[in-house]
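These notes open a run of structures that come right after.
Below, chain A partners chain B and then partners chain C, in two separate complexes.
And now, the complex of A and B:
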């Protein structure tokens, strides 16, 4: 635990001094503002809720989070600090968890910096605060899952572009398997009914949409949390393989 | 085995554990959740719990859902799962008095035959086949209640629909509601939605005022009473004095009263008011037949074809306007009352008065005779702010005295009478919208108008549990601030708009009055002086029209400005602060180096 905290602090310090993080946050905020106001017509719809904002979150994260996660391990490899890191008495999964938590904290900060939106809605009408809070919780958990996939692929490959593409594609697949066209595609393969149901139960979208409604269900939270833990631990094991090489 | 192989093996095992653990959790934890919504719309309410706990016999709920055939309809699948979860919660609370059975009616199967036999509606889906998605409840006496189709857009009312079905099965003897009305609200084939919905829980009867008939009912509903004789009034009076309850809707100008069809003049001249003044007088309530309430603060926006204007006599009421301390209105959020009347209370000893619905402080009354010829714009221009809140619906509770000198003079048991000075609120066009769901017509409420009626009926006929469930749905959460800005702008520019419109009308009239001579071929000959005058007026008219357009533009400007400011703040403010912060940190670090 102590080691995780050390890595976390080291990473956060690195993020604060890196311009990439600022660019990421600015990019995220501007895009979410433009999408919410201009593409979804938040003001014209005239409803005091954040549906038009949270609706974009899975798609915005799809591009932004792989960009953050791709450099988690490849930078260390390139600069050679990875060897130095592994000479410390730190378990690999601790290093992985520290790095993951730091990146998650940055992404969460970016999300929380959209606080002007709930304030705007509160100023304009009488929103359902519980539903807004649930929306934020769902978004944080979703970003955790994307990032955990990113950690896994960043540990698997030296090449940042490959890491980005693999993370992107995997997130996209796990998002879309809850969607109608995909279910139809599986149906075409004549898969049994129970399997089709189970497949969509493993879609990020199914669980994200549930939380968006304002319900914190044990099943949704369990899915997100176990997904994050398993992905990170698998990433650590892959990294250990590389270290052995 | 090398370390590498062990690691790879561990990864596979971990993935399998992840999948299996989630499958188990999906199956086992069906109702473990925290509901963060304001009204807890996803949690069973106390009303449902009371009804379900107090069930005397067993009730079987049969859910028909074409699981296999509906597999491509993702949104239905999620909804079916939600219904499944909900039903298992009902079962738990009822301590297994509610028995759940599930059927997947495949085409040409026995299950499909049963679905048809219970009148579950087949829903056609793309590809030519049909699916079933409905519920049947059966009690020990063999009574059946059906929800023919579950519509996802009624999700907010899902609990109410299921609980009502259970309530009806648990209380098989239906209460009788007697209806007296001058409107065709119970016409065979096309009854108003309000009556249609009441029929699902009650035995609704059209009644006359014969003593034997009126005394056999549990609750009296009077809607737009016109042309009642003294004998009729006496019968109603005696019904109330005998300690029974009534809900009365009267109106100084009922827009839905369209009886004589065909003759336009007859429609204009027709009297559209209704009252029970003889009875009201004895009860300490008065409604003036020729006065209608106008309220700029509560005005409903309407599209006149030229512009969107607040229609000051269509009142959109909510929040403070609805009594929070009365079970009928406490959970309601929006009521629409078109051309409602003013109730005045002259308290009579023995009766307590609770104002259920009232206007804002800016309300005034206008003559109903002026309505037939006035457009929303004219009414807005002529609007003068009033100074007091006006009651529109009132609950009377206590020992009523008779309005007549014969019969029972005074009540010995107390009665409840609810009086609302608007009938139009019950009409379909002001309370529901029709939606098409896979070929099925479904009525969806657009406001709480009908909930007001159902709450009143349930409260006055003795079941308060259903009320607490129904009024939980939220319809819309509008931008109140924007509405306020629009109202202020309207008041600000209304006067100028009015002056300009009058000026344009005057110029048009003067242009018409200019004498024009006619030549041989009947073409007008215009002298240069007259021509100049015409041009002058035309120029003046053009200027006035231009100004008018500017004024109308300004009406929208405040709102658009707010939209732009909010966009800018939400999109660029924080990024700018971050850029500045980042730059400062960068410069400082460089200096340190």
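And now, the complex of A and C:
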């Protein structure tokens, strides 16, 4: 536990001193602004909620999070510090978790910097604060899942491009299998109902959409948290084997 | 404190390390010698349990590198060949990070860092970004990190590579100072380093141990060991034959009119004989030296023959 905190602090310090975080935050704020206001016509709709904003989150993260996660281990490999790190008396999962949490904190900070949106909505009308809070919680959990997948692929390969593409594709698949048009497509295949439910149960989209309705169901949260833990654990296993490559 | 038993590592078809065994006790500084690609770094990476061996095993302070990697790493200070340090940190932050990982609380960290910064002469760059440091400073920072927790075992992969002569001198002095209560392995291909800091030299070649002895003994295996280089005050005819006739001489080379190089038969003492034959024949010696043997010669012979 203590080692996780030590790694976390070092990572955060490294983020703060590098331009990448700021670029990430600026990109995130600009893109989410463009999508929400221009593409979805936030003001034109005239509804006092953040549905249009949160609706874009899964797609926006699809590009931004792999860009963060691909660097997690490749930088350590390139500079050789991975050898230093793992000849220190720490466990692999501790390093993995520390790095994951630090990157998650950065992504979450960027998300929380959109606080002006709920303030605007609050000013314009009478929004459901609970739904807005749930929207943020869902987005944070979703970003954790993307990032955990990214951690896994960053541990698997030293090539950043491969890491980005594999993370992107995996997140995309796990989104789409719960996305309306695809669910319709599966239904058209006359698959048994239990299989259909299982497929969409495994999708980020299904659980994300549930939380967006403003209901924090234990099952949805359990899904996200379990997914994150399992991905990180698998990433640690694969890193154990590939750390010296 | 270090015990290596038939340790081996194959990378696909490359036999990087091919079954080596040796022990290192407290107080010993072992020089790991060998040409590039001999398997020095690979051996060190196995000893620090960064990579796992293909066969064989080793233990550090009684802890197996295979089953108890965490205890092994607690007992080792390691300087990797790449001198890996986080270049985005400041020297102070980096050492503090290393000290936290080693489990020291805030007060202890302050003391430990102060003391290693003093011994490794890092005071002047303490608040500098690591990125901006010269190779010599980075190397000393790597060393500082390795000795921070006062480990019983030190493994240093080419610790003086890239340092200027003064820095080399300092690092060697530091290693000598540390050696009293530690078991130390340093890899190098600088032979003078072995003579100046190591109490023992292990020469490895193509993944196997080719020699394991003290630097003095190794040196005396050189074909030049005991050779006498003698210069007489005046040139005279017949000196060559006179020297050639000595019982312990195997070969005489005339270097110029007055100067001769004599190689001994093995185990014979040439010096006394040369001096006595000179005085008996009224020859005045103006200069005479005995070769103590050359490590580079032995190194060359061992690593190219096998």
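In this section, the second predicted complex is superposed on the first by the 229 of 245 C-alpha atoms of A that agree within 3 Å, B and C clash if a C-alpha of one lies under 4 Å from a C-alpha of the other, contacts with A are read in each partner's own complex, and residues count from 1 in each chain.
The rule is simple: contacts are C-beta pairs under 8 Å (C-beta built on N, C-alpha and C of every residue); 3 or more make two chains touch, one makes a residue touch a chain.
Because the structure is predicted, anything quoted here is derived from the model rather than measured.
**Student:** Which term applies to chain B and chain C once both are placed on chain A by superposition, clash or fit?
**Tutor:** fit
**Student:** Of the two partner chains, chain B (first) and chain C (second), which one does A:238 touch, if any: first, second, both, or neither?
**Tutor:** First partner only.
**Student:** Between chain B and chain C, whom does A:59 touch in the aligned arrangement: first, second, both, or neither?
**Tutor:** A:59 sits against neither chain B nor chain C.
**Student:** Among the partners chain B and chain C, which is in contact with a greater number of residues of chain A?
**Tutor:** When the residues of chain A touched by each partner are counted, B comes out ahead.
**Student:** What is the contact status of A:202 with respect to chain B (first) and chain C (second): first, second, both, or neither?
**Tutor:** first
**Student:** First (chain B), second (chain C), both or neither: which does A:117 touch?
**Tutor:** Only chain B; A:117 stays clear of chain C.
**Student:** Which partner chains sit in contact with A:34 here, chain B, chain C, both or neither? Use first/second/both/neither.
**Tutor:** Touch partner of A:34: chain B, not chain C.
**Student:** Check whether A:14 is in contact with chain B, with chain C, with both or with neither, and answer first, second, both or neither.
**Tutor:** Second partner only.
**Student:** Could you look at A:83 and tell me whether it touches chain B, chain C, both or neither (first, second, both, neither)?
**Tutor:** second
**Student:** On the chain A superposition, what angle, as a multiple of 10 degrees, is formed at chain A by the C-alpha centres of chain B and chain C?
**Tutor:** With chain A as the vertex, the angle is 170 degrees.
**Student:** Looking at the overlay, what does A:185 touch: chain B (first), chain C (second), both, or neither?
**Tutor:** neither
**Student:** Chain B to chain C: minimum CA distance in the overlay, Å?
**Tutor:** Shortest inter-chain C-alpha distance (chain B to chain C): 6 Å.
**Student:** Of all the chain A residues, which ones make contact with chain B and with chain C?
**Tutor:** In the superposed arrangement, which is not itself an observed complex, chain A uses residues 17, 244 for both chain B and chain C.
**Student:** Which bits of chain A are touching chain B when the two form their complex?
**Tutor:** Spelled out, the residues of chain A in touch with chain B are 16-17, 19, 22, 25-26, 29-30, 33-34, 36-38, 43-44, 46-49, 113-114, 116-117, 120, 123-131, 133-134, 178-180, 183-184, 187, 193, 196-198, 200-202, 206, 209, 213-219, 222-223, 226-227, 230, 233-234, 237-238, 240-241, 244.
**Student:** In the complex of these two chains, what residues of chain B are touching chain A?
**Tutor:** Chain B residues touching chain A: 2-4, 7-8, 10-11, 14-15, 17-19, 21-23, 25-26, 29, 32-38, 41-42, 67-68, 71-74, 77-78, 474, 476-482, 563, 566-567, 569-575, 578-579, 582, 585-586, 589.
**Student:** Please output the residues of chain A touching chain C within their complex, sorted ascending.
**Tutor:** 2-3, 6, 10, 13-14, 17-18, 79-84, 86-91, 243-244
**Student:** Taking the complex as given, what residues does chain C use to touch chain A?
**Tutor:** Its residues touching chain A are 45, 48-51, 70, 73-74, 76, 78, 80, 82-89, 93, 97-98, 100-103, 145.
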